[in-house]
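First the structure, which I've put down as structure tokens, then a few questions once you've had a look.
Chains here go by letter, A, B, C, D, E, F and G, matching the order in which they are written, and residues are numbered from 1 within each.
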Amino acid sequence: MHETFFTLAIVWMVGLLGALVLLASRQRSVADMLMSVDTMGLVICAVLGLYGATRGEPGYLDAALVLALLSYVQTVAGARYLHHGRAFHDEEDGR
Amino acid sequence: MPLWGPLLLPWVLGVVLAFLDGRRAWVAWLAIAGLAGTLVCTVWLLPQAWSAQAPQFISGDWPVGVGIRLRADQLSIVFALVSTSVLLGTLVYEHVAGGITSRSFPALVVFLGAGLTGVFFTSDAFNFYVFFELAMTSAFALASYGEKPRNLRAAFTFVVVNLMGSTLFLTAVVMLYLTTGTLDMLSIIAWGQAGPPFALAVPGTLLLCAFGVKLGFFPFHFWAPAVYRDAGPTVAALLAGALANIGSYGLLRFGVDVMPQVLAQARPLLEILGAASILYGSILALSRRDTREVLAYASITQAGLIIAALGLDGREGLCAAVALALAGSVDKTALFLAQDRGGERARRAYSVAAFSTAGVPPTAGFWSKAWLLRAALEQGHTPLAALVVAASALSLLALFRAYQRERWLREGAALHRGTGAVVYALSLALIAAGLWPEPLLRAGRDAIQGLGTLP
Amino acid sequence: MMATVLQWVGDGLVALGLLFITCAVIGIYRLPSVLTRVHAAGAVPFGAALVIVGATLATADGWLLLRGLLVAAFLMLTIPSSAHAIAWLAEGRPELAHDKARRGRGKQDRTPESPGR
Amino acid sequence: MILIASLAVGLLFACGVRMVLERELVRVACGTVLITNSSVLLILAGTFPERGEALGAQPGGPVTDPVLQSLALTAIVIGFAVSALLLTLVHRTQRAHGSLRTDRLVEAELQRVHAVEKGEGP
Amino acid sequence: MSLRSVAHVLSLALLYAVLVGSFHPVDLALGAALALGVMHLFPMAGLPPVLSSREHWRRVLHLPRFGWALAVLVVRSCFHVLTVIFGRAELANKAGVVEVPMGERTARGVQVSSWVMSLAPGTVLLELDWERRVMRMHALDASDPDKLLRQQDNFYQRYQRAVFP
Amino acid sequence: MPILLPILLALACAPLAYVAGRWRPGAAAWMGAAGALAAMGALVHEWATQGPTRLVVPWAPSWGLSLEFTRDGLSGLYAAMALGVGALVVLYSRAYMPHHLHEEGRPARDEVRFQGLLLAFMAAMVLLVTVDDLLLLFVALDLTTIISYLLIGFDREDPESRAAALLSLVLTGATSVVFFAGAMALGLHYGTFSLPLVIERAAHDPASTGALVCLAVGALGKSAQVPFHFWLPRAMAAPTPVSSYLHSAAMVAAGVFLLQRLYPLFAPATDVRDGLLAIGFLSMGMGSLMALVEDPFKRVLAYSTIAQYGYALVLVALGSDGAPLYVAVHAPCKAALFLTAGAVTQVTGKKKLSEVGGLRHALPVLAGASAVAAAGLSALPLTAGFFKDEVFFHALAQRGPAFMAAGLVGAGLTLAYTLRLWWGLFGGPRRDVPAAPRLLVAPVVVLAGLILLGGVLPGLLVAPARAAGAAMLGAPSTLELAYHLDARAENLLAVGAWGLGALLFATHRAWASALSRVLTGVSHVGPERAYRLLLLQLDRLSTWLHEKEVRDLRDRVASVLVPTGLLGLTVLGVTPLRDRFKVGTVGWADITLVMALAFASAAALATLRAKGHLRLVLLISCVGFSLAMVFAFAAAPDVALTSVLVETTFTLLFAGLLALLPSERLKRAQEEAQKPRGRDRLAAGVAGASAFLLSWSALSHLQADRVGARTVELAKAAHSPNVVAAVLTDFRGLDTVGEMTVVVAALLGVTSLLGLNLGRKGRR
Amino acid sequence: MRSFVPPLSRLLLWPSLMIALAFWMKGGASVGGGFPAGALAGLAVLLQYVVAGRDQTRRYVAVRYAAPLAGVGLLLVVGTAFLPVLAGYAPMSLFPRPDQPELGVGGLHLHTALVFEGGLMLIVFGLVVTVIDRFALRTGTDAEEESGP
């Protein structure tokens, strides 16, 4: 029962992932896309955590941890790039 | 000398060189000394490789299949010797020609050497891929050496096209593992003898194409003319002289040794591809006015000869393939290095290497072509023999057209004593092998001695 | 007994998290502009955190739970950054956030974005 | 499962190739990344059929063919390193040619070839 | 080594132990050693000035309350956002920019406040305008900006100020 | 090994001369000539003291090859010829080259190089005539080709010289490769390359026509016989000593020599010999006629050479043992005439018959000596040349009247053009020119003396001629050389030929121009034209192919993938394998995996339509994340973790790259790149379809018993609970070391491409 | 970016590096290993490039010397692989050997694989950081451009 629920939860979340992939590939604005991909990272984080817990394998949680820690880096870098054409912070940047 | 000697030396040296500024003379000399040491180590291995049991070890002393087996039979040794010599010559050339302009050049050349030695010594399909990638990546990094726009252009083309080749190779290796359950070449041989007859046809095809890209035969060669033309002369020499050996070695190792049944099935195809390359390269070389392009097409012809030799049924063809690869390696290097300069020395070296490429005696190239002719005639492949004859004539025409156009007339920067010594050494090696062919013939004959199940 | 309770609690948390995430994704789909969708997306991490904590709790394995909490904690720390970055972008370069592909607004216009300089 | 995995491999590969065949340097680089992805997927697809049993395996215990996993990891790393190199090469190439289009490279190449053909020397 | 460094080392060592999956003293010690190495190799710049021990403990004591308030805030705003998504779509048209004055917050306090408002669904920081000393924020429901301002101020005064003034 | 002494001496000449030339340029020629004479002395001495012998030195045991040398009549005669004429020509070049080099505006030290090459050629020639092995024959043959190439192209600034050199290289090189093919076929057929053995075995088992034709082609090319003759007149662009040596006594002789050496193989093949006979007559006629109308005197001589070797060819084809004698007598005559021509050119600066004449007063010695040589060439009595025609007529007489008539006409033509040549040079109204240097004249005199000597004392010729004839036939020779004052056919033919020749010379002004026109017309359909046409067409084809060749990066990539794909599909199609494809089962547990795969695919498809680079990068990151999910669901957490990290890093690298690229350029490229070509889609389709089918096939035949299972068992021994880690760091640790070296190599590449000093100093 | 992101990112640097180190140390026992460790550490530094800039980040010694660190890593890797040959073992023999007892307490397994993985970590870290560092160095964009080929 409990395991079935978890499995279903995983399937459900993977489905959401699909929705996000669709959203990301639907050619909405770039900002939207950035958001979708960012959200995808978080959903994957959740899936990995859930899957790892289901299987009792802490390795998946490590992957989830990495995502939790750093998935925002690409969002920030992407936003920076789009905003003023620079991915990395510069001195003359002032921001 | 233990088997790992020639492998470890360039490897460690490469790591050390990576820290150093290769533009300094002593660093270059260190790299040269290291490659020379590698050469010595490889020579040292000769008697062992020729003994009844080829030297081998399994990494970590794990059981066969679990650990990676390295093994140096005659084929490995001869290819390692020639490739290391070519690298050594090229490095010396670049250094004495006026100095290395990039800090990583010596390290990358040495890594290329380590990769090549590894490729030749390993007896594990995936490990082959890794060393192959080491050699390729070093070559990728070297390809832009000089960093003029044309160099960069060449590098980009080279990298992208060869990445496709690497992917094909990786796929093939993975398929080998999926199908046979092992990566150890000797185990794959055993599996192939017992397994279903066509089970390895697909990986075999992919390997053929992957090595086709490296070796540059028709129709996988389209990158070669541009890259050989636009890369720096030293780099072109490295690519055509040393790196292309991966292709011929790989075809021999995987085709003859690991998957003889696939090779047997692929013979007609190899014949066709070989003939096409020979014709294509010979004809295209004719009207080129850029010597390097002529050389590029000549190397396509050369690749075609190797393929055609492999396509011949029987031992002699394989021997010819080995000899063609070895001689081709040296004469391509000499040609690419010599074509860059004017003056008497360059003229002499170029003409010797050109004669070798065209198969004119007394040069090493003559014997290798003779071997192919011999094999073709033995097998009754008269069309191939005729093609070889025609190709020789056309190569002669193309190479010496270029020679007359540039070597005889251009009075540019001449080879000086040092660079002259390098190209002289290479062309002397070609002549020496022409005058005393026994080592080359022995190498060709013995190299395929221990391979798979030969007819 | 304890394990069962934990399981139920865990299941509950996971269900709650799923709800959050699902609603958030629907929000991303439904809301009219990037700046509003950012808020919907902002709910996802909480869902994720809930799911992870719930799932690890249900295993009744201390180590897993600790890790789950760690993940949740880091998620909390980092979420606002991406939300802020997107919002900042959407406000600073409205042309990049202008969603011409909204439902029923005619054909998609595929002008490529151009990063400003 | 076999069919589906191979379909995915083929699709990824096709997309990668399609992108490598575009006339723009960045896309070419992206294409090679996709192609690497497809190879890694193929490697791991070898473990898919075993997965059914693997679900019930001991926590943390051996799961699917570790050799394939290790091959996949190696392929990923090599692909990563080479792609990093390719990216820098994209940058330098576009700087040298003033364009991101591959046909500009061809034009520059042809210019040179024609110059040599006309005997203007290299 | 300052007390703060000890705290850092300890927390990093704990983090290490959790990841390695063992609280064995050896692991903790190793973690501490590695943490020291990390801290030495990557010295953190711009740390706030060291507080007096008393002040420090006072803030630590207020931390749980802050955390709890944060949790409550987050859950409440989550549900608020959900209600906007479902049904009351017209609220989405009331989204808008609100400028929250920084007030008496220190720089650190501003950063924490902006973090908090971004964390809570429904509001997100757009930019910190140090010249005008306002935090420009975007709210999903900006129908009543004053209420938002009040909420922000309320949270700061009641929960955050004691920890991150 | 006394047999080697002359060979070694000959081989030593060039290096010795070179060394001497370093000391003093003038010394090279003397040194070389001395060496050549010493070699000749050794040869004669050995001949006088010892009989024929062979020497076999092991060479390449793998192929059963030995260095086999023979000392028999043939080798002795030809070696003596090569050495003697070589010594004289080298000396002549001492006088000729400084002037020539001065005219060409080249440094005087090149003289040494020239003489070195001449001497090297001489050595190659000696080698060629003394080796007794099919392969070695070819090796020596090609040595002569190479050196002659360098000699003909010696005036490298002269485009005509270059073209001539290339033509001779290609033509003689190509035909000699054909020779080689024939030799190889024979060697393989008889199991040895050793000539005596081959000949011995061929006695029972005649050689195949194909192989013989190949051998003959090589010989004909060398000897400038129709249809390969046209390189020789062009080769006259070379300095005169080259012409006089290579194109009289040495290189051209090599071809006929080969046929003589290999005659026992040809003996049973009457049809091949008939073909040779026809070619011989053809060359005779063509060469003689051309020699009658050509104006540049060197070209007259060149055509004469073609004609004369036609005679020799006829003799060989007829199986006459006089063939070696013919060549041996012709050589000094022709060499002397060439040397004369060179001297005349040097003295007058003119190269055409129409521009010179009347030199007999200014150059009496030369005129006299060359008259003797001309008489020898046209087989007048009291010269050695008389006997060459005698053996010729003798051989023809045995075949019947038609042959005799042909021989008569040929000999008559010879006399006619020789007279025309000599008269053109020395006859006519007096012309005053400065005296020729002695060294230019002396070799001609020496040669004339020899010709006279042979004519007066024919007994001297008999022994070597017989020995050579015997060596050629492989049977004792009964050659008779004497003046017979009777009405035998030979004599009648000779007298007839003189008469005809005199008549032709007397009347040649009447018909020469008409003949010239006819010949010009004929030459338009001749082999030279065919050769040029072939070359032109090949060049056109080459250019056309080159223009059609794939250049675009896209096509270069497609040219790798499409053939691979098609090949793979073909292999799948044609190789029968049981259960080629299995669909496999999809369990409930696989659903997530399948979904993730589907999303990866969907994202990958979306990348194709992505507008804008960041979108593209983000979509690729989507693919990567989806794949990470796949890997996670495939129970490979290590891979999932790694790919999550790699994807993130990639996205950032791409963002960094995009930030480095100028935005307007990005935008432009983006807009311009959005015009996909149909064939790219097709190529991608083929590649994808084959990737799909090939992977499907491979996955359908998964080996259940993989080494992976062994690693799981051994993981404990590796002290590593994580088997993947054990494989990565221990079992297959060597892979990882290599992989990490790849990373470092890539790093080196990156640092050198993006060097820190790049921005400040610009391009290094 | 005038926001809380830079200080937050700075705050995450140490934990990220600690997690990376933990990946390294536990690689042999569970998921982790040198590659993820190096990539994670590299990403952590990369984050600093994104939010703090090149000059700020290059104040860290390990960032300035990232490329030499990769070299050191390779030395470690190659050394671990080949030093055993000096003692007569096959290359790539790790210690303790299979027949030797396991060493280690708690989560720590003393094994030469640890050194090996450490090398891996340094190499990957070096690659990521160096590439990013060079990308972040905005050189005169069109300085080397040439009109002709």
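Simple rule for what comes next: contacts are C-beta pairs under 8 Å (C-beta built on N, C-alpha and C of every residue); 3 or more make two chains touch, one makes a residue touch a chain.
If you're wondering where the values come from, they're calculated on a predicted model, not measured in any experiment.
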Of the chains shown, whose Cα centre falls closest to the middle of all protein Cα atoms?
B
Reference chain A; chain at largest CA-centroid distance:
F
Between chain pairs D-G and B-F, which one is joined by a greater number of C-beta pairs in contact?
B-F
What is the chain whose Cα centre is as far as it gets from that of chain B?
E
Where the centres are mean C-alpha positions, what is the separation of chain C from chain G, in Å?
30
Determine the centre-to-centre distance between chain A and chain D, using the mean Cα coordinates as centres, and give it in whole Å.
23
Where the centres are mean C-alpha positions, what is the separation of chain D from chain E, in Å?
41
Approximately how many whole Å separate the CA-defined centres of chain C and chain E?
18
Going by residue number, chain A touches two or more other chains at 27, 30, 34, 52, 55-60, 62-63, 65-66, 69-71, 73, 76-78, 80-82, 85-88
Specify, in ascending order, the residues of chain G that touch 2 or more different other chains.
1-5, 8, 12, 15, 19, 23, 30-32, 35-36, 40, 43, 46, 50, 56, 70-71, 74, 78, 91-92, 94, 124, 127, 131-132, 134-136, 138, 141-142, 144, 146, 149
Taking each residue of chain C in turn, which ones touch at least two of the other chains?
24, 38, 63, 67, 70, 74, 78-81, 84-85, 88, 110, 113, 115-117
Touching chain E in the complex, chain G uses residues 2-4, 7-8, 10, 13-15, 17-19, 21-23, 25-26, 30, 56, 59-62, 105-108
So, in the complex, the side of chain E touching chain C is made of residues 15, 18-19, 21, 74-75, 78, 81-82, 84-86, 89, 92-93, 95, 97, 114-115, 118-127, 138, 140
Residue ranges of chain A in contact with chain G within the complex
57-60, 62-63, 65-66, 69-70, 73, 76-77, 80, 86-91, 93, 95
Chain A partner, complex, touching residues on chain F are 589, 591-592, 595-596, 598-599, 602-603, 605-606, 609-612, 614-615, 617-619, 621-622, 625-626, 628-629, 632-633, 635, 637-638, 640-641, 644-645, 648, 651-652, 655-656, 658-659, 663
Per the contact definition, I'd like the list of chain G residues that touch chain B in the complex.
68, 70-71, 74-75, 78, 82, 85, 89-94, 146, 149
